[in-house]
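In the two assemblies presented below, chain A is common to both, partnered first by chain B and then by chain C.
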Partner chain A sequence: MAAVLGVSAYYHDAAAALVVDGQVVAAIQEERLSRIKNDPSLPVRAIEACLRLGGIEGPELDAVVFYEHPYAKLERVMVELVRGFPFTLRQFPRALAGQMGTKLWVLDQLAACCSVPRDRVRFCQHHESHAASAFYASGYDAAAVLTVDGVGEQVTTAIWHGEGRALRCVSEIHYPHSLGLFYAALTAYLGFPVNSGEHEVMGLASYGEPRFVEEVERLISVESDGSFALSLPHFAHHRDPRLPFASSLERLLGPRRARRGGWDLASEGDRRYADVAASLQAVTERVLLGLSARAAEETGEAALCLAGGVALNAVANGRMWEQGTWSRMFVQPAAGDAGGALGAALVGAREEGDPPPAPMRDVALGVPLDVGRGVALAEQLGLRVERVEDPAQVMAQKILEGQVVAQCVGRFEWGPRALGQRSLLAAPSDVALRERINRSVKYREPFRPFAPATLRSTTMFDGVDNDMTPFMTTVCPVRAEAREALAAVTHVDGTARVQTVRPGGALEPLLSTLEGMGHAPVVLNTSLNGAGEPIVASAEDAVAFLVSHAIDGLFLEDVILRRPS
Partner chain B sequence: MLDMRLAAARCEDAARAAAYLRHAADEERHARMLERLANTWAARVGGEAERPVAADFEGLYDRLGEERFLAFVHRGEGRATRQFEAYRAHFEARGEPRTAAVFARLIKDERFHEAYTGELLEELAGSPEAARAALRRVAWWEAWRRYRRAGRALAGLLYQGSMAALYLTLAPLMLLIRLVRPVRRGWLPPDA
Partner chain C sequence: MSHLRTVGDLLRHFLHAQRFFLIPLLLVLFVAGLLLIATQGLSYVAPFVYTLF
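And now, the complex of A and B:
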């Protein structure tokens, strides 16, 4: 029996996760506490919070596991810098400073930060962390595991076979051939920031026609065995990660879109970019289907687990599910690098001989809400504070009246999705409300869809009965007869990224109340954060959000806060 | 803005924490106003505004302690007021009253921030003399920070130069690496 801390850091989405006696006690992304989106720094705050939640001191940790091999990473970076000579001149000083200045010493830094002897700090492979985060959290006895991201040490894509406590790599694809970096290059081409704009590309894709598939397929070739290779002259990630595509890509697809907002999908220019996004999405799905088929063939399993940044592509996950190859599918809710911290902790726990964790049913693994502190701040700010007996009833009433309300309850979520613990909620039918949230609350592009949260028993969607919908990691078709009632949460392609809420879930009281009042148990659920900000974590963050954004009320558990009338 | 948010989270006194939260909300609003202004100007000249720059964060509340943090913010708000006054005068002189009005609104907020942080500083320090001493200490700290930043910039230039020289010596290695570590494609066995 052991206490193991897993840590990811220094690339993007730093995080910490604590596993005690094999069970996940806490998992926190640093950005939630530092308030810096995609914070890559050593997650000191997240580590402290995990230890506090576990009730243990740093020296009591049996192991601290870093999510990747820092020396193998250094080797790959150096080899690529030299291989790219002389085109890597600009990148060389920066990459060397990054590697030698901080990344190489991460294990020593972790030992100092956690006050543990250096020999208790170890590492596992990047893709092993991803695979463990999905397989061990899935609760499946056996499964194929597919990990797809930008790049780890050397590997960009890997197929794993999980059986009981064993997790074995079957085959892998190496850098620079990377589906994650392929998607990133086109994300940059479309004018979105890499590592955070990929969701926007996915949303945009539904508005376009995939009329550039032929051109996009010239960028990536797919073999009959499911492997793929990039046409490297079109990419620059192996030379200069600041602009991950080469000028030849612009010759193929036309000039890139400038990095600015103000999308107008009625204009010919922006429609063309939407078509490129649609083509990118179509080709990405094709590659992923090939990988999925290969994983089934190699492992002979009926269940699939997914992790790595590319696994956040909910539309592609939906497509894999539709194929019927798999009887069960699970995607680690924090599929990106943050999830690596959890995977590293689970690998460490396995090495310590601990039992497997309980299947992941809930991602409320963050710091609990301090309602008293929120109330004290609200009173000082002159906000109206009211304690209510039945918050679900009051909230349901407000939503039915067309109001936009925020809900904060319990511990905040693990991963990039708000699943009710820190959510912004509204009626799912009112398109004008959706526009209001996009324009005046979230300040984001009009094509960004909103997701519905519903009870598991719903009949408004097809194909919700799987292990992904509780975590919003896939999309499901909205039934034709329900589209009007769900107009604000149905994407232009007729799908929705549904969250099915289990009994005891944060949104269950609200949804049950709506059902009890004779309404469909569905709400529009979006993350409680402003533009470019991490999702709200603490009561202070929530009150700050209420002060700065045009919402109608904030529920801190059973206390409702409102602006003065 | 993030430093003010952190101060609100760290400060145990609810009244001061609320003041820091309100301040952070003002700064956020200012950022949006300036972003809109940048977009308007960009559209006017047919150009494109950059995406908003992410808020920076120095962890000043933790590094300086609340008293010196307040002194730092107080001095910063004073500087911002003077800068914005210069911008307002400039745009008034150029006959752009709308832009000047934006800066006038900012100045009003900055003056309020300067005043409230001054009051809180005095309250926290215990006397006007102690508050002045805190302001002097922060002025020294800022000068030291400027010196260190200049040093870092110079060291950065030297580093860039020396790394460029080192880089040139890697040319023979490039041939070797291309020979012994070719780019591989397709499925590979683990640990290949």
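And now, the complex of A and C:
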């Protein structure tokens, strides 16, 4: 029995996760506490919070496991710098200064940060961390595991076979051939920031026609065995730190979209970019379906686990599920690099001989809400504070009246999705309300969809009975008869990224109350954060959000806060 | 002391038969990295848009 801390850091989405006696005690992304979106720095705050939640001191840790191999990473960087010379000359100093200045010493820094002897700090492979984060958290006895991201040490894509406590790598694809970097290059081409704009591209894709599939397929060749290779002359991620695609890509697809400027999907120019996004999504799905088929063939399993940044593509996950190859599918809710921290901790726990964790049913693994602190701040700011006996009843009434309210309860979520612990909620039928939230609260593009949260017993969607919908990692078709009632949460392609709420879930009281009042148990649920901000963590963050955004009220558990009338 | 452990592990990694040819480069880069940090020259080199390195 052991206490193991897993850590990811220094690339993007730093995080820490604590596993004690094989069970996940806490998992926290640094951005929630530092309030810096996608914070890559050593997650000192997240580590401290995990240890505090676990009730243990740093020196009591049996192991600290970093999520990737720092020396293999350095080796890959060096080899690529030499291979790409002289094109890599510009990135040479910074890459090496970054490696030599901080990244190489990460194990020493972790030893110092946790006050543990250096020999208790170790590492595992990047894709092994991803695979472990999905397979061990799934609770499946055996499964194929597919890990797809930008790049780890050398591997960009891997198929694993998980059986019991064993995880065996079946096949790999190496850098610079990367589906994650392929998607990133087109994300940059479409004028979105790499590593955070991919969700926007996915939302935009539904508004376009995939009429550039032939051109996009010239960028990536897929073999009959499911493996793929990039057409490297069109890419620059291996030699240019500023732009991940080459000028030949613009010759193929036309000029890139400027980084700034609002979207007008009625204009011919922006419709063309939407068509490129649709083509990119179609080709990405085709590649993933090939990998999925190969994973089934290589492992002979009926269940699939997914992790890596590409696994956050909920639309592609939905396509894989629709194929019927898999009887069960699970996607690690924090599929990106943050999830590597959890995977590293689970690998460490396995090495310590601990039992497997309970299947992940809930992602409320963050710091609990301190309602008292929020109320104290609200009173200092002159906000109206009211404690109510039945917050679900009051909240349901406000939502039915067309108000936009925020809910904060318990520990905050693990991963990029708000699942009721730190959520903005509204009625799912009112399109005007959706526009209001997009324009006046979230300040984001009009094509960004909102998701519905519903009870598992719902009959308004097809195909919700799977292991992904509790975590919003897939999309489901909205039934035709329900589209009017769900107009604000149905994407233009007729799907929705549904969250099914289990008994005891943060949104269950509200949804049950709505059902009891004779309404459909569905709400519009979106993350409680402003543009470019991480999702709210503390009660004080939530009060700050209320003060600075046009919402109608904030529920801190059973306390309602509102602006002065 | 913990830095010595890292240096030892790093050398062991690069002394592997298929990697030893990288050791001279490693030393050059180590010095270059130290110089950039010592002279605060990082702000003069190209910024990274995405962090592959």
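We take it that the second predicted complex is superposed on the first by the 563 of 565 C-alpha atoms of A that agree within 3 Å, B and C clash if a C-alpha of one lies under 4 Å from a C-alpha of the other, contacts with A are read in each partner's own complex, and residues count from 1 in each chain.
Here is the rule we go by: a contact is a pair of C-beta atoms (placed from the backbone, for glycine too) under 8 Å apart; a residue touches a chain by one contact, two chains touch by 3 or more.
Just so it is clear, the model here is predicted, and its values are computed rather than measured.
Contact with neither chain B nor chain C is seen for A:G290 once the two complexes are overlaid on the shared chain. By the touch criterion stated above, A:M100 is placed in contact with chain C alone, chain B being left untouched. In the superposition on chain A, A:P368 makes contact with neither chain B nor chain C. Within the superposed three-chain model, A:G54 lies out of touch with both chain B and chain C [touch as defined at top]. Contact with chain B, but none with chain C, is seen for A:H177 once the two complexes are overlaid on the shared chain. Looking at the shared chain after the overlay, A:V79 reaches both chain B and chain C.
According to the touch criterion, the shared surface of chain A, contacted by chain B in one complex and chain C in the other, consists of residues 79, 82, 92-93, 96-97. Residues 2, 5-6, 8-9, 14-15, 17-19, 21-22, 24-25, 28-29, 32, 39, 42, 48-52, 54, 57, 159-160, 163-164, 167, 170-171, 173-174, 177-178, 181, 183-190, 192 of chain B touch chain A in their complex.
Those residues of chain A that touch chain C in the shared complex are 10-12, 40, 71-72, 74-75, 77-79, 82, 90-101, 104-105, 107-108, 111-112, 118-119, 150-151, 181, 184, 188, 194-195, 237, 241-244. Interface residues of chain A facing chain B in the complex, by the touch rule stated above, are 34-37, 79, 81-83, 85-86, 88-89, 92-93, 96-97, 158, 169-174, 176-177, 193, 223, 225-227, 229, 232, 258-262, 294, 373, 376-377, 379-381, 443, 530, 532, 538, 540-541, 543-544, 547-548.
Contacts from chain C toward chain A in the complex involve residues 1-3, 5-6, 9-10, 13-14, 19, 22, 25-26, 29-30, 32-34, 36-37, 41-42, 45-53.
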